[in-house]
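As structure tokens, here come the structures.
The same subunit A turns up in both complexes below, where it pairs with subunit B and then with subunit C.
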Partner chain A sequence: MQTVPAPREITTEPRRSDKVFRRVVTAGGLSSLGILGLITVFLGYRGSGIIFEQGFSFITSADWTVSYDESGEVVESSFGLAAMLVGTILSALVAVVVAVPVSVAMALFLNFYSPPSLRKFLIAIIDLMAAFPSLLFGLWGFLVLMPSVEYWAKLLNKYLGFIPIFDVDVYIFTRSPFIAGVVLAIMIIPIITSVSREVFSQTPLDRIQAAFALGATRWSMIKAVVIPYGRSGVIGGAMLGLGRAMGETVAVYTVLNIVFQVNWQILLGAGGNVASLIILRFGEANLYEIDALMAAGLALFMLTLLVNGLADFIVKRTGKSGR
Partner chain B sequence: MSYENVKPRSPWKASKKDRLINASIFLATLVFSFVFVLISPLSGKLGYFVTFFVTYALANAALSFKRYSVKAAKDSAIQVLIVCGSLLAVLPIASIVFTVISKGYKGIQPHIFVEDMSLATATDPISNGGLLHAITGTLTMVAIAMVLSVPLGILTALYLTEIRGRFSRPIRFLVQAMSGVPSVVAGLFILSAVIYPITKANSGFMGSLALTILMIPTVARTSEEVLKLIPEDLREAGTALGGTQWRTVAMIVVPAARSGLITAVILGVARIIGETAPLLLVTGGGDKVNPNPFDGAMGSLPYYIWKSFGSGSEDGITRAWAGLLVLLVIIIILFSLARLLSSRKVSR
Partner chain C sequence: MSSLSDVANAKAPRTGPNRALGTGLEARGVHAWFTKHHALADVSLDFAPGSVTALIGPSGCGKSTFIRTLNRMHEFIPGAAMAGEVLLDGKDVYAPGIDVTKIRLQIGMVFQKPNPFPSMTIGENVLSGLKLAQLKTENKDDLMEECLERAGLWKEVKDRLGAHGGSLSGGQQQRLCIARALAVSPQVLLMDEPCSALDPGSTLRIEETIRQLSETMTIVIVTHNMQQAARVSDYTAFFLSDGGPGQMVEYAPTTEIFSRPKDKRTEDYVTGRFG
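For the complex of A and B:
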């Protein structure tokens, strides 16, 4: 007599091994959330005292002084980030303004002009440049680039000095926010280039071919098809570069002259930078001032988070715009 | 009529005459810019560069205008502009590599790879002391950072490509945001979260923790790109053979992506090996070879370069460039390795 095997149970319920696997992977995936959260919590915990003490003057005043009596007790202190924040934003903006045209040209060249063999080589070079240590850019900027940029700054001042930001009160052009901005520009060119290249290369081929079939020259094709399609991607890439430029520490510290005074003249040799302030003051700071530096770090962190969030939002919209 | 004697033509290619015209325009512009800089108030490299490109663009535009139309003129002028922009992007890297090699080679002597700085100061002549402590320190810290960040980074990538749960969008954004965390903030975080409340001392391990934060996003994003390239068929085949998701991922997906994942790790290492700011805050930067990352100050290449450069003396700066040359060579080797591996994207 034939025995009928008991019917096998069919289920969509994952096995135990899969449940464990999914839980482990999800936990690993959430580690970025955990780390970012912990950064906010700990910097906030150490820095909040100073922020509440200073109130709004923490971001509106430019004064950063601490004095101690003999026993090491803090007598008087005032922590204001205004000069540093203004300087950070100024040099990052200079960097983006310089880097975007160059990067877009490079991205267009790689996608539409370059012969294939050169393209591979150039992409490798650009990627390599993104991995160069910031210290290298700093030293090179200080010793090699600075004399040239100083000369450009003088030219700008001579011919465009009537525009307020190119004006200088004192004739000092060394170690200005402009120079820091140019060094930062060179550092963020690879980032903006690779984002733009990626976006341009996603341009639908049929639209490109349609433009050529209608008799467009290469440039009219780019203007009519590629730029409208990739515009938001380029803007997003520029924002990413802006975020990177704001958080850069060592390269800026080596080329910038840090002064605790709000300065809007980008060619003048006096600027500020939040990240460099932390390195500058850390060596001689006591625990009280370190709390203030933590607060400054928190402000910088929030600023870069904001810029990156904006960048992400803009890049996500790519492809929905355009014709 | 026979077709045997007819050579194939490729009308889109530049003819001999075209090439001759292009070359002569190029030469003429070169000569013109040289003369123009001589007789005008312009001067220096900048003067040559600007005059050359402006005249070259104009000459090309004029030629296209004569041959075709205004649109063609615009097209060729913009082509010159774009090439000029790309040159500007590549010029700094050439200058940087040239500077590092020309200034650094003097400081590269065999003895610097076997000595540390415990009996020398940064201002000593280069024949005194070396960077052994810096190399061992950097390697130790990077190795620990690798052990900590690679699992987290790859798990994040697996979540994004295999599980695709409801947190996918926020996690992708958070990884993006994390790659934008300023390196100095990572250092401050370790300072506030570990050093002040718990250990109260600088050590190499603290440096590794800070580097881990900076390495995770690079590993996660590159691994995600790689895992996305694995064909869906492989996953379906794994499930069809009766494998659970865990077995499919562990036995099929990850081995298939192995070389790409190694690339991701190498790129992550290249990203962090030159980080300076967090190490300045948390490692203490010793001058002696320190084999124990959990105890005592630990030197590192970036710290060594920073300190030597900060000393300001001639010898110190030579030392700094030599250190940078060593660092750059390590980065280029890592990078070539990554390229080599990623050129075969899917391996067995």
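For the complex of A and C:
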């Protein structure tokens, strides 16, 4: 009877240069995790006291007040983020809803319709737009965009006012979450366009040709082949944009009226934004309130994680693979 | 050599062109360029309705380029140009103002690599041409079954029409692509090395399919496999490039190409002296 040998352990000894290189890239790979982890720990360390003190009302109450006596001691304080969190979500959602169709159209144009010379030029412009300082978007939004968006907002309210989010209690249309969302949309269009363009351009040529060989028009080819293929990439780009929209501070601060009251009416000039709140209060806050702002930062971070996780989940659940 | 001509003779004989299938497809003085590169020179070929024509020749001889000028797929390559005429039922498919999507509905194509749409189910793949060309049909289920039947795939997939196209084997995927091409009822079917990525069993199935399909349509097939050309085709065209643009060296009934080729270069190629 033949004896079966014991399986050997298969090993390989990497060269010294490979070992060094491996350490370098591992360090690079783990550094992002390290940095994010340290920030989370810091925010948690500074903010946890306030969160425990406020309990659940930290995210359910909309009241944010601190009062001091003459010696600077805190007499009374209440920290509630509900209005800011709702406002952050609303303006970010407006931004994504406005930006995604524009970006997808732009990406499709660049890949499938534009003449090559124009394509290069437009790509350069879009890259430039991504690097544009957000404060300038904010100022431009405040001085130039706001009057026209106000007009669109009135139209929306007039014809779609029966839908609760387009309704307003008071006729104030300036500095609304809607306007903030439109400014944010302009800021996130470049990133969503770049990601979408990249993924659309990788659509396998044989599938595109298969569609054309079946008598497809350009548009029907795009619907049947390019969009299913690029769908997950577009959603990934939209997530990046959403993350940026939720964390944006300066541009929003310039165009949004920050009000400590939960407001679901996106056209009404009363909104909130966690990042803008931090900027608004940071200058005059004492150490105690700064802890509260750190807690707000932690809440914003968690919200971003939650929204991304949720979106990822939805994509995976509904995903019909186009790959 | 005799074996190939035996193979070519073993097919059921044809009763001449089937004029009920239109007057057919004709190429007149076709040239093709890729930017400056002159890839194909002066090819004239008349494809008889209801026949199978094989295009053979070594790599780079322009046969794939030629087949792609026939349904205007050539122009998708940037810098591509052509000269000459391609007539379908007597009308030039390159005439100004012609709707190229209609041309591609009448001249279907099957590619070298099976390319079903992975986001669609098997059934949706078969009917995808209707959707892409915005055509209406009375009875989708019947059409789906008929096309899969003609492509020789119905028995294998009838219980899983809702599965994705990518779940099939390579040979099945290629037959799915044939079924997809049939659904828009083309007059002509172009096949660009349809079996080169497939195993011998699948190849045989597809060759059977081609013989059956040729009763109702004109088929042009590019192949590297001379056995295949001998097995499936009624006519064979031999293409060759002598360093310059590819040319058609000889065109004749398949039995003659493989038994008594007129040109020395054809003889060398079909007897395996080069290529």
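Note that in this section the second predicted complex is superposed on the first by the 279 of 323 C-alpha atoms of A that agree within 3 Å, B and C clash if a C-alpha of one lies under 4 Å from a C-alpha of the other, contacts with A are read in each partner's own complex, and residues count from 1 in each chain.
By definition in this document, contacts are C-beta pairs under 8 Å (C-beta built on N, C-alpha and C of every residue); 3 or more make two chains touch, one makes a residue touch a chain.
Bear in mind that the values here come from a model prediction, so they are computed numbers and not experimental data.
Participant: According to the contact criterion defined above, which of subunit B and subunit C contacts more residues of subunit A?
Facilitator: Touching more of subunit A: B.
Participant: Check whether A:217 is in contact with subunit B, with subunit C, with both or with neither, and answer first, second, both or neither.
Facilitator: both
Participant: Classify the contacts of A:80 with the two partner chains as first (subunit B alone), second (subunit C alone), both, or neither.
Facilitator: neither
Participant: Just subunit B (first), just subunit C (second), both, or neither: which does A:135 touch?
Facilitator: Touch status of A:135: first partner only.
Participant: Taking the superposition as given, does A:209 touch the first partner, subunit B, the second, subunit C, both, or neither?
Facilitator: In the superposition, A:209 touches subunit C alone.
Participant: Just to be sure I read the superposition right, which of the two partners does A:46 touch: subunit B = first, subunit C = second, or both, or neither?
Facilitator: After superposing on A, A:46 lies in contact with subunit B but is clear of subunit C.
Participant: First (subunit B), second (subunit C), both or neither: which does A:225 touch?
Facilitator: second
Participant: Quick check for you: in the superposed arrangement, does A:113 touch first (subunit B), second (subunit C), both or neither?
Facilitator: First partner only, subunit B.
Participant: For subunit A, what residues appear in both contact lists, the one with subunit B and the one with subunit C?
Facilitator: 217, 220
Participant: Write out the stretch or stretches of subunit A touching subunit C in their complex.
Facilitator: It comes out as residues 204, 206-207, 209-217, 220-221, 224-225, 228-229, 320-323.
Participant: Across the complex, what residues on subunit C touch subunit A?
Facilitator: Touching subunit A from subunit C are residues 71, 73, 76, 101-102, 104-105, 108-109, 111, 113, 115-120, 128-129, 131-134, 164, 177, 180-181, 184.
Participant: Okay, in this complex, where on subunit A does subunit B touch?
Facilitator: Listed in rising order, the residues of subunit A that touch subunit B are 14-15, 17-18, 20-22, 24-33, 35-36, 38-39, 42-43, 45-46, 101-106, 108-110, 113-114, 122, 124-129, 131-137, 139-140, 143-145, 148, 151-152, 186, 189, 193, 217-220, 240, 243-244, 246-250, 254, 275, 278-279, 282, 290, 293-294, 297, 300-301, 304-305, 307-309, 311-312.
Participant: Could you pull out which subunit B residues touch subunit A in their complex?
Facilitator: Touching subunit A from subunit B are residues 44-46, 71-72, 74-75, 78-79, 81-86, 88-90, 92-93, 95-96, 99-100, 151-152, 154-156, 158-160, 162-163, 165, 167, 170-171, 173-178, 180-186, 188-189, 191-193, 196, 213, 216-217, 220, 244-247, 249, 267, 270-271, 273-277, 280-281, 302, 305-306, 309, 320-321, 324, 327-328, 331-332, 335, 339.
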